[in-house]
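Here the chain labels run A, B, C and D in written order, and each chain numbers its own residues starting at 1.
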C-alpha cells in the first residue's frame, strides 16, 4: 500500500508540474513592446494593443488554475490508482500543455472565428478528458474509505461542468467570436449544477442499491 | 488529518513550482547579443547595453525569491488549510507569473514612466495578495499548535512590508521613473517594522483577551 | 534506509521535473500565426501549414510521456539506488531535454532526411540510455523485496522495446523520411514482445539457478 | 523536528525545481534552422553551424547536472537547516538561472574572449556560492548524527573543486578563448583532490580536537 501511495504521489507530482509549467509559460507568449521613446502616451497605446493578450493570459490562468484545483481535489480523495488512469491523464496534460498555443492564437488574432473555435475546442477536449480521468480514478477500491459514496459520485458528475460550458462556448464562437468567452463565466454555475444533480441522483438510487 | 496534510503539501508544491518557473523564466527575456566580430570592445558595449536587463533580472529574482521565502515560512506554520485560501493563492501566483513580463517591459524601456508604474503596480498587487493569503491561512485551526499566538499574529502583520514598499515605489515612479526601484531596498526594513508593530499590538491586546 | 529513500525520492523528483518541463516546452516551438484578417479560410490555411508541428508535438508528447511512464514504473520498484545510476540518468535527461529541439527541427522541415535521422537518433539514444539506467537500477539490493525476480528481470528486458523501434525508425528514415515515424507505433508491441521474451528466458533459467 | 524536516524538504524541492528548469531551458537558446529544401547537404551544413550551440548545451547540462548532484549529496546529509543558508542558496540559484544566458552568449559568439570570460565568471560565482552554501549548511547541529565528522569536513572541502577549475578556466579564457573550456574537464580531478586534502587535514586535527 505504501509503495502504491508513493507511486500515486509521483503521478500527482508529475501532473502538478505540467500544470504549473503550462500556467507559467502563458506569459511568454505576451510579447514585450520595446519603444524608443519615453512618451507616456506611446506606452499606454502599446499596452492597450496588448489588451487581448492580457485578457487571454488571465482567462487561461484561471481555466488552468480551475483544472488544477479540480485535479488536486479529486486526487486528494484517492489512496491508490488504477493503471488505466495513466494515459487518459497524459492526454489531459497534453491539452493543458497545448493551452499556451491556443491562448496565443486567440490573443494574437482577436475576435477571429477560427482561433476562438480552436480555443473553445481545446477547453472542450480538456474538460472531456478530465471527466474521463476522474471517472476512471474515482472507483471504489481506489477511493479513501472515509468518504461518503454520494459525495464521490457527485464529484464525478461535477466534472461535467467544464465540458458543458466549453461546448456552449464552442457553439457561440461560431456566431459571436470573442464574446463567446463570456460563457466561460458560467463554469462555476455548471459545476455546482452538475454536483447537485449527481448528488440527488445518487441519493435517489442509494436505497435501491442498499436493498439489492 | 494526514490526508489534509498531504493536500496542503500538494498546494505548497504547486505554488513552489510556479515560483520556481517564474524566477527561472526571467532570464529568457534577456536577449542574447549575436555579434559577427571577436572584438572585445564590441562585446563590452553589447553587455553594457544589456545592463538594465541584468538589473531587472537581479531585482526580480530577489523580489520573487523574497515572496517565496515568505510563502515558505508561512506555509511551514500550517498543519491544514482552509479552502478559501485556494483562489487568493492562485491570484498571487498569477501576479508572480506576470513578473517576467513586467520585468522585461521595464528593462527594455529603461527610465520610462509607464513601464515603471506597471512594474511597481505588479509588486503592489503581489504584496496585497500575499498579505490576503497569509491572513486567511494563519487562522487558529490551521496553525501548528506549538507556535506562540503573538508570533503568528506578527507574521500576518509582517506581510504588509512588501505592499508598503511597493506603494511607495509606485508613487515615486511617477516623479522619478527608474530611481523609484531604489525604494524596494526598504522592503527588509518595512518587514521588520511591521513585524515589531504586530508583535507589540498583539502583546498589548493579549491580557485583555486572556481576561475575557 | 530512510535517508536513502529520501535521496531516491529527490533523484526521482528531479527527473520528473525535467520530463515535465521538456514535455511542456514542446509547445513553445510551435509558432503562433498572427494574421491581419478575420477571414476563416486564411486561418484554416495557416493551421494547415502548422500540421507537421502539431503532429510533432503530439508524437513527442507521447514518446516523452512513455519514457516517463516507464521511469515511474521502474523507480517505483526500488527502495534504494546505486550511485552509479546518477550519471546515466543525467544523460537520459539530457536526451529528453534535447527532444524539443529535435522535434522542432523535424517539424519545421517536414519530410527532410537529415532532420528525421536526428529525431530517430535522439530517440535511439534516449532508449539506450533508459535501458542502461534500468539495468543499473534494477539490481538485487536496490529492488523492493516483495517483487518476483522474473518480473524484475523482464522489466529490464522490456526497456529494449523503445531502442528497437527507434533503430527501425532510424533505418527507415534513410529511405522514406517522414513515413518512418509510423514505425514508432510499434513501440507498444516491441515493449510487450521483449517483456515476454525476458520473462520466458528468466523462467527457463530459474530452475538452473535454484539448483546451483 | 518533523516540521523542520518538511521545511528543509521544501527548500530542497524549490532548489531542485530551479536546477531542473534551468537545465531544460538550455535547449531553448539553440535556434532551430528552417530550410526551404530537402537537400541533405544543406541540413548537414546548418547542423554544422550549430555545433558550438550543441557543445554549449552539453557542457552546461553537465555543469548544472554536477551542481545538482553535489547539492543533492550535501542536502541529503542534513536533518535541519539554518535560516542563514536561505539567501546564499537563493544567490546560487540565481547564478544557475543565469546559465542559459551565459551559455547562449558563448555559443552564439564562439571563440570570442568576453563571452568566454562571462561564462567562466558565472561558473566561478556559482562555485563560490555553492561552497558558501555547503559551508553554512554542513554545521554540527544540522548534519545527520550517523555521518563521520571527517567525511562531513571533507565534503565541505570538496566544494572547492568547481571554483578552482572555474578560476583556471577564467584565466585561460583571456589567452585562449574557447579552448579554456577544456580545463573544465579537470573538475572531477579537483573535486577528488580537495576531498582528499580535506580528509587528511581533518584526520590530522582530530586527535588534537579529541584531546581538548
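Quick note on the criterion: contacts are C-beta pairs under 8 Å (C-beta built on N, C-alpha and C of every residue); 3 or more make two chains touch, one makes a residue touch a chain.
No experiment lies behind these values; they were computed from the predicted model shown.
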item: Both-way neighbours, i.e. chains that touch subunit B and touch subunit A; value: none
item: Each chain counted as touching subunit A and subunit C at once; value: none
item: Chain copies touching (subunit C, subunit D) - same or different residues, decided at half shared; value: different
item: Of all other chains, the one whose Cα centre sits farthest from subunit D; value: A
item: Intercentroid distance (Cα basis), subunit C paired with subunit B, Å; value: 38
item: For subunit B paired with subunit D, centre-to-centre distance based on mean C-alpha positions, whole Å; value: 27
item: Interface hub residues of subunit B, defined as touching at least two other chains; value: 13, 17, 21, 25, 28
item: Chains grouped in pairs wherever the two touch, ordered by label; value: A-B, A-C, B-D, C-D
item: Of all residues in subunit C, those that touch subunit A in their complex; value: 9, 12-13, 16-17, 19-21, 23-28, 30, 32-35, 37-38, 40, 43-44, 47, 57-58, 61-62, 65, 68-69, 72, 75-76, 144
item: Residues of subunit D that touch subunit B when the two form their complex; value: 3, 6-7, 10-11, 13-14, 17-18, 21-22, 25, 28-29, 86-87, 90, 93-94, 97-98, 100-101, 104-105, 108-109, 111-115, 118, 177
